[in-house]
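Okay, so here's the structure we're looking at.
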């Protein structure tokens, strides 16, 4: 078996966060891959939902995006935003929202709208369902590449709220529980129960704490003991490589 | 077809039923461009090639969208560039908030409450932009819970691309429907483009599949491959080569005109456009497998 | 051809009120029969809707009620309350609401909830969609038997509002245009544009004005000239008797 | 089945998916009566035999309905009698207002505005009855238009009878669906009774027909003729003889007990009930014509 890639560690870490029986709204890419891995292993009764109106899809071919017919193959329900985002998410039934991001800050606020590079403003895709998921899911997991500029003290644009200003969610008027994990190619981060600031949960094997700190734009809380992120098992790797993303469309990328 | 599009006045609020690279109303968008409409207000849950083209062609004065994407083919360059240069009024919403606004419109409610947007910069920007009159904090009259009230969205004309309709406009939509139903039923006028026209007897065999009943529909346009180069589930796949070609052009302000000149202004109707885009042999290769649906 | 029955005159009068292209929410019984008659004659593009979620049904067999599968045969859309009553009626798209009633008063208020006979209170079916239709349709037609106790000065229970207290609809806060016609087995009544009180529109052939006044519980306004209600044409009678209600399930009854 | 019904506590708010004489959850109603539940709150758009039976058996403390009917077989005698004698708390709504209340519940909104009820005695009675906390005049924050705010209705358990489900609870409903979808999705728990259980592969062949996705469903009970004597479109017609027999009993307070004793308390399950109601030969005659659906 070839060397374990960072994306495989990320995806396995994401899968391990998901429990059986959960309802999960997933974005395209690594979130979706993590969700299928969980479903193929410890969470067979997990229900993945796509915002466009899909429940429990079992794609056979790798899709290029959320609007690609490949992603909703063998679903058990096709509906629309109103059912998935209204009657599940807004109803408070979504256990986990699983998102990507351009930037995430220390309070788990997410930017998917714009970047400011060298003073130049560039716009990206915006929220789509991201703000809704971040506002309403019981907990939110973000999966992204670990770079200093992508993990700033404060996001350039607060598209989707975390613990805004370090405040508790209820005080913000938000129903969902807010950010739970940021999973990167270097580490898994969580949020402090008291001050709601990002805190290190585990380091991926082979990654130094210094490396993480040097590549994190915000002050990261570090507990006394930092465990290692469990590596994907041989069976998980087999599933990922042979069944879930055999062409490495998502696993082959730097995310 | 061109007569129907001719009835859309400049300055109208149109809503498009596409999502990223799926079921875009390309037939309609091309004809709007050929007819050089002006000052359109465009609303859509997640914009794709359709709205990107309208913006690239300079027809749009104001955008009301929840997001935009060409999936892995790229971002909606024309839209993003227009935001960067400030060449149009821009309202950035979310999938659910726009869906709720259409739902309110469809139900004849002038407002609807929501628990999204709260504490975000999306809300802040709406409150100080052209959407300022469409969001307002409010409280539940029973529980006192805080909500954001959203105003109803009632487009002047909604356009939706569907797989199947009968001549009376009874429509089936296969695959996920994003905000199609609410958007269609919120509109003052509704125009449908269908891949296939079936006899009403076929509609009557499975009336539970009618998502939009015919009496809501002003006109049905029959146009096979009418969403090309975007995908129509069960009918054809997206045209990856054409989408790449589009993104090559759309990513530079100076090149999008070439694409529009060649494929839209340089063709007199959708048939000529399809011919220029590769013709029958090329389209045949995109046809969906009947089991897979793509 | 046998003698024309009062129900046939009522149904034809109801049909004549409907225009082509209209959207009509119909109740079971004579309203539905009138609607099918209009559709078979001058209004082929009329769309009948049933509150339960049916558009454009073409029943072949006579149903016993709104929940009878017979009534939704050959419909072109099956949905639910939310589409028909929400996205059509509440949206303001229903041109005519066509209802039955236990009682209707001079301002077109409808009671379908209870009766007080000899001091004894008896409850009936309640509103179902009746209040919604009366509140929201652009105009409302009621079809019922002409009896003094069924046409009182004020209904025993105001289930569905007309021009409550003789007030204009907008002032009441109601969106729909309110009552337009009361069609009985003796006459057609309408409502005065100024005082919103019931006014005679036409007498059925063979019915005296005195008979109508004696059997109307409220003060009925009578114009100087009262025309006769047009009789159903031979073709209308043929359609009613041979095609629409061949077993006289509805036409055979006193309503 | 009896274990599932056993989980419904006395005093629970249950919502029933039937309408008049169609798709009543008779299996469930019988079992609730056999188990002698007490003090139930029952909500339903238009009550039929189902709720009439529950009231007739004395299980109901409070009714929240939009209307009630057995179509031309008669009125809902037990319900009407209970109103007349004041033996239960009664809230009289309308089809749309209850649908909107379920919709609000399904969407996680604590309220929803409506333009029905206004200026009616229905509203007046609600305002001075047990529904007083569920209606309140309000104005649109944008237009100032007056509405009646309705509180969300979120039943403890919804029961719905459907034609087709798979073992995971993915449900199809054929024919009109009244408020089934909103009622089912508003509930905290959802129990489905299905005429036919199909493999999930069949559900996957037409996922657009799934009205209730399986993850919303706590349990699926497979019970052919489970709605007898009411009709299930596409499966069987209402049983006119049995409905007449029911109305003969229900119209007198002293006779409804006989019906309940014979057909419900005197049978141990739905199979025995069907046997007593005429058995196989009788049921076979009710089977729907596959083209007509009745």
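Chains here go by letter, A, B, C and D, matching the order in which they are written, and residues are numbered from 1 within each.
We adopt the following convention: a contact is a pair of C-beta atoms (placed from the backbone, for glycine too) under 8 Å apart; a residue touches a chain by one contact, two chains touch by 3 or more.
What you are looking at is a predicted structure, and each value in this text was computed from that prediction instead of being measured.
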Joint neighbours of chain D and chain C, given as chain labels: B
Pair sharing more residue contacts (C-beta pairs) when B-C is set against A-B: A-B
Rounded Å distance, chain B centre to chain D centre (Cα mean): 38
Inter-centroid spacing, chain B versus chain A (mean Cα positions, whole Å): 28
Centroid spacing, where centroids are CA-atom means, of chain A and chain C in whole angstrom: 58
Where chain D touches two or more other chains at once, by residue number: 108-109, 115, 174-175, 177, 208
Chain C, residues touching no fewer than two other chains: 72, 78-79, 82, 86, 90, 136, 175
Complete list of chain pairs which touch one another: A-B, A-D, B-C, B-D, C-D
In the complex with chain B, residue positions of chain C that touch it: 23, 47, 55-56, 72, 74-79, 82-83, 86-87, 90-93, 136, 175
List of chain D residues in touch with chain A within their complex: 106-109, 166, 168, 170, 185, 200, 203-204, 207-208, 210, 213-216
Chain D partner contacts - residues on chain B that touch it in the complex: 108-113, 115, 133-134, 136, 138, 140-143, 145, 147, 149, 151, 173-175, 177, 208-209
Chain A to chain B touching residues, read off their complex: 28, 50-54, 60-61, 64-70, 72-73, 78-82, 85-86, 89-90, 113, 121-132, 135-136, 157-161, 164, 172-175
Contact footprint of chain C on chain D as seen in their complex: 19-22, 45-46, 48, 65-73, 75-76, 79-80, 83-84, 92-97, 99-100, 103, 114-122, 146, 174-182, 230-231, 233-234, 237-238, 240, 288, 292-294
